[in-house]
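What follows is a group of structures, each given as C-alpha cells.
Two complexes, one shared chain (subunit A), two partners (subunit B, subunit C).
Moving on, here comes the complex of A and B:
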C-alpha cells in the first residue's frame, strides 16, 4: 500500500511536468492553430540554462530567472519567425509541421554543441528533504513539481481570463477574421502566444531537471509526452492537457514501478493511440479530432 | 460600379499535364549508367546509393503527402519493417523473399494503422503516427529475440545484380527500383485512384459527392507509402551492412517527411531531388563539422516558411521566366 502511495506521488509529480509540456502545446495551438513539435526543445533549453547558471555558483532562483529570460527571448524570436509568412497566406499543415521539426533539429543540435550531450541534473532547492510514506521516503521535489505546475497553470489561466491581452488571445483562438474585425492585431497576438508557450515550456524544463537528468536528446521524448498529454485532453483544452499529463505520468510511473522499463517507455504512445482511436477529440474535447467525411 | 476580383489562380501543386510515362524511368536508368561509367570514389558512390535508397523510400511518401495531403511522422516503422525483414531473411531465403516479406509486413501494419487512425484530422494523425514510430523504436530495441536489440543484426548480405558486387551492385538495384517506383508513381497519378486522392485532398465533401471514397483512398495512399518505405529500408540495411535501431528511429521518419516537402509536394522528381538535399547535403557540409545539422535545420525552417512549394516552385518560376523570354 505504501509502495502504491509512493509511486502515485512520484507519478503525479512527473505527470505535472507533462501537464506543463502539454499546456505549452495547447496554449500555442489555441492561440495560432500551430502544433509545436519544438516544445520539448524549449524545455531542454530552459533546463540547461538553469543548470549552467546554478553550477556557476548562483542560486536556484537565479537559474530559474535566467532560464525564463532566455526562453522568453527564444519564444519571441520563434513567434516573429513563424508569424511573418502568415501575414500573407494561410499556412498548410504539412509545411508548419516540418517548420517546427526543423526548429527542433536546429535547437537540439545547438544545445548539444553548447552544453554537450551528457545528461545534466539540476540541484533541487529541496535536496535532502523527504516526505515520509510509511518506511519509504519521497523526495520533496516531487511535491514542488505539483505546486509549480499548479502555480504556472493558475498564472496562465489568470492571464487568459483576467487581462486584456488574454481576452484578445481568446478572441483570436475562437475566430481569426472576427478578432481582426474587432481590431485585434493578430500578428502580435501570435507572438504573445509563442512567448507564453515558450515560458511554460522553460519553467517545466527547469522543474523537471531536478528529477530527470536532461540531455539535448531528451527533447523528443519530452515533446512526445507533452503532445500525448495535450491530445489526451483535447488539443484545444488547457484543463484537458493537465488531466492528460497526470494520466500519462501516473501510467508511466506505475508501469515502470510494477512492470519493467520497456512497458514504461511504451505507455505514453500507447495511451495516446488508444485515446485517439476511442475518442478522437480527446477525453475532454469535442469530437473535433475526427473528420466527418 | 462594382469590381469583381479576378478568380484566384488555380493551385498547381500537382501538375495536371500528362507526361510520357517512360521519360522519367528512362532518364533515371541512363543517369545510373552514367554514374557507373564515371565511377566516383567509394565514398561518393556510397552517398549516391544512400540518396537513391531514400528516394525509393520517399516515393510513396510523396504520394501520401503530395497526392493525398496526409502527414505522417511514423514512417520509420515501415523502413524498419523492410530493413529487419531483409536482415532476417535475405541470407537464408534469398533476396526476393526478403524484399517481399518486408513489403507485406509494412503494408499490413499500414493498413491496420490506417483504418484505425486515418479518420483523425491533420495534426492528430501526425501525432498518432509519431506515437506509432516511437512504439516501433521501443519494440525494435527491446524485442531482442528477433531484432538483437541495440546491437542490431549484422552480416545481412546484399542483392547481387548483373554480376556486380559490393556497393555498385546495391546501387544498380536501387536505381532499378527507383525507376520502377517512379513509373508506378506516374501511372498512379494519371489513374482513377490517383485522381481520387488528389480530389479528396482539396475538397473531401465534393469528392464524396462525385463518388470517391475519401477514407479508402487515404488508406491506399498510406499503404503505398509503407510499401516503398519497406523497399528503401531493405536497401538502407544492405548498404549499412546490417539493421540497427538507430537507422530507423524518428530522425529517419523526419527525413522521409522533409524529402518531398523540401523538393515540392507531389512533383514527380521530388523524391530524388529531396533525397539529394536531405541525405547528400549534410554529408558534403562536413567542413562545417558539428554545425552541419544546424544549417540543415535552419534551411528546412526557411523553406517551410518562405518557399512552401520547395525546389519545384523555383524550377517552375525559372521555366516560366525562360518560356516568357523566348516569346
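Moving on, here comes the complex of A and C:
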C-alpha cells in the first residue's frame, strides 16, 4: 500500500511538470488562438536565468523574480515579432506556427552559447525536506510542484475570466474579425497573450528545474510534453492542461513502477491516441462528432 | 476550426520529433579519397562530436580538450613545423549525419578523423571510413566496434567488455554476487544490455534483475525500488553522464542502501553538481588518475585556459589528439602510413590509464587501453575520491 501511495505522489508530481508545460501552451491558445512550439524554450530560459541568479549567491525568490522579468521581456519581444509584421496581412496562423519552430531552434542555440550544454538543477527551497511514505521518502518539492501548478492554473483562469483584458483575449482567440469589429486592439492583445504565456512558462521552468536537470536541449521534451498534456486535456481549457498532465504523469509512473520502462514510455502516446479517437476535443474540450464519409 | 488546425500541427510536431528520434544510419555513396598532402594552412584533422543532442555536455568537454591540446601543439611549433587545424563538426549523435561527415572529412583532405562519442554512429560510419581509407580514432566503447575488425578504426578503450571484466573482478573482491542491471533505453544502453548480461553471467555473477530506464525521466525511483526488492546486493547502471544524478536521487528516495556501479561517464561533473550527497554510493571506473604528474600539469593549463575542474572526457580528448599528432610526426600527413603507424603505437606517458598504464595498439588489437587499466573511484560528499588506483 505504501508503494502505491509513493507512486501516486511521485506520479502527480511528474504530472504537475507536464501540467505546467501544458498550461503555457493553453494560455497562449486561449489568449490568441495561436500555438507556440517555443514554449519549452521559454521554460528553459526561466530555469537557466534562475539558476544563474541563485548560483551568484542570491536566493530562490530572487531567482524566480529574475526569471519572471527576463521571460516577460522575451514574451513581449516574441509577441511583437509575430504581431507587428502581420498587421497589414491580418492574421496568418500557419506562418506563426512555423515561425515559432524557428524561434525554438534559435532560442535553444542561443541558450547553448550563453549557458553551455551542461544540465543545471535549481536548489529547491525545500531541498532536504522529504515526505515519508513507509521506508520511502518523497522530496517535498513534488508537493510544491502540485501547489505551483494549482496556483498558476488559478491565476490564468482568474485572469481570463475576471479581467477586462482577459475578456478581450478570449474574444481575439474566438474570432479576430469579430473582436476587431468590437473595438479590441488586436495587436496589443496578442502581445499581452504572448507575455502572459511566457510568464507561465518562466514560472513553470523555475519550478520544474528543481526536479529535472535543465539544459538547452530540455526545451524539446518539455514542449512535447506540454503539447501532449494540452491536447489530452483540451487545448482550449487551462483545466484540461492540468488534468491531461496529471493523467499522463500518474499513468506513466504506475506503468513504470508495476510494469516496465518500455510500457511507461508508451503510455503518453497511447493516452493521446485514445483521447484523440474518443474525444478529439480533449478530455475537457467540446465533444465533436466523428467525421463520416 | 483553428483548434483542429493547431491540434494537427501539434501532432505533426510530435510525430516529427518521434521520427527524428528513430532515425537510422544509411550507406554512404562516398568514393575512396586519395591520401592528402599537407595544406599550406596546416594539417587538417577532422573532429567528429555530438555537440548537440543527448551527448552534448560530454562532447563539449571533449571539444575543449581538443582545442586545448591543439593550442599546446601549435604553440610548440606544430607538427614538424606545420600547424594542425581542427575541423570540428557536429554529428548530433545521429548515424546518418555521422556518415555524411566521413564524406566531408575524406573530401576536405583531413588526414584522420578523431571521434565520435556514440557507438551507433561509429558502427554506421565504419563502411564509409573503410571506403575512404581514412584512419579514425574513436571514443565510443562498444565491443561491437571491435568485432567489426575495421582496419581503419581504432578505439581509445577500454571497451564495454573491458569495463565489465574490471567490474566482475572488483565485485568478486568485495564478495558482491547478485547484480541488478539497469541500462538506459538509448542505443548506448540497449547495445550494452546483452553484453552486460553475458559478461556478468560468464564471470559467475548471474543478474537477479535486468531492467531499463529513460535518460530524460524526471524520477527513476520506481526502477530502483524494483532493484531493491529483487534481492540484489548491488546495482550496475549503464548510461552516460547526468542520468547518474537522477539515479542517485532516486536511490536516496527509496532508501536503496546498495552500491551503484556506473560507467566511466559517471565522472561527469554534472553528477556531483546535480546529486550532491545523494551520489555517495556511486562507484565507477575512470580512465584518469589525477595523481599522475602529467595530469596535474594539464589540470593547471586547463584552469588557466577555461577555469574550473577539467572533466575526464577532456583529458581523453587531449590524449586522442596526442596519439594522432605523434603519428603525424613519425610518418607525415599520409592516411595509410598513419594507419600503419597506429598499429605499432605504444605510449606509457599519456594522461589516461593507471599510473604506469600503457596505451598499445597492434595489428590484432585496435583498443588502446585494455580492461583492468582503469581507476576505481567513488563519490564522497559530492566530490570524487580514488578507491583503488593501484
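Assume the second predicted complex is superposed on the first by the 273 of 293 C-alpha atoms of A that agree within 3 Å, B and C clash if a C-alpha of one lies under 4 Å from a C-alpha of the other, contacts with A are read in each partner's own complex, and residues count from 1 in each chain.
By definition in this document, a residue touches a chain if its C-beta (ideal position, glycine included) is under 8 Å from a C-beta of that chain, and two chains touch if they have at least 3 such contacts.
Not measured: the values here are computed from a predicted model.
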{"item": "Subunit B versus subunit C as contact partner of A:113, first or second or both or neither", "value": "first"}
{"item": "Partner chain in contact with A:136 - subunit B first, subunit C second, else both or neither", "value": "second"}
{"item": "Which of subunit B and subunit C A:217 touches, first, second, both or neither", "value": "second"}
{"item": "Which of subunit B and subunit C A:10 touches, first, second, both or neither", "value": "second"}
{"item": "Contacts of A:236 with subunit B and subunit C, given as first, second, both or neither", "value": "second"}
{"item": "Contacts of A:256 with subunit B and subunit C, given as first, second, both or neither", "value": "second"}
{"item": "First (subunit B), second (subunit C), both or neither touched by A:55", "value": "neither"}
{"item": "First, second, both or neither for A:2, with subunit B first and subunit C second", "value": "neither"}
{"item": "Contacts of A:99 with subunit B and subunit C, given as first, second, both or neither", "value": "first"}
{"item": "Those residues of subunit A which subunit B touches in one complex and subunit C touches in the other", "value": "29, 35, 93-94, 97, 101, 112, 220-221, 224, 227-228, 231, 235, 262, 265, 269, 272, 276, 280"}
{"item": "Subunit B-facing residues of subunit A, complex", "value": "29, 35, 81-82, 84-85, 91-99, 101-107, 109-110, 112-113, 220-221, 224, 227-228, 231, 235, 262, 265-266, 268-270, 272-273, 276-277, 280, 288-291, 293"}
{"item": "Subunit C residues touching subunit A - in the complex, by the definition given at the top", "value": "2-7, 9-11, 13-14, 17-18, 51-54, 56-57, 59-60, 185, 211-214, 216-219, 221-223, 225-226, 242, 245-246, 249, 252-255, 269-270, 273-274"}
{"item": "Subunit A residues touching subunit C - in the complex, by the definition given at the top", "value": "3, 6-7, 10, 13-14, 17, 29, 33-35, 37, 93-94, 97, 101, 112, 116-121, 130, 135-139, 211-213, 215, 217-218, 220-221, 224, 227-228, 230-231, 235-236, 253, 256-257, 260-262, 264-265, 269, 272, 276, 280-281, 285"}
{"item": "Residue numbers on subunit B that touch subunit A, as the complex places them", "value": "65, 69, 71, 73, 116-117, 119-124, 126-128, 130-132, 134-135, 138-139, 142, 204-205, 208, 214-215, 250, 254, 257-258, 261-262, 265, 290-291, 293-294, 296-301, 304-306, 308"}
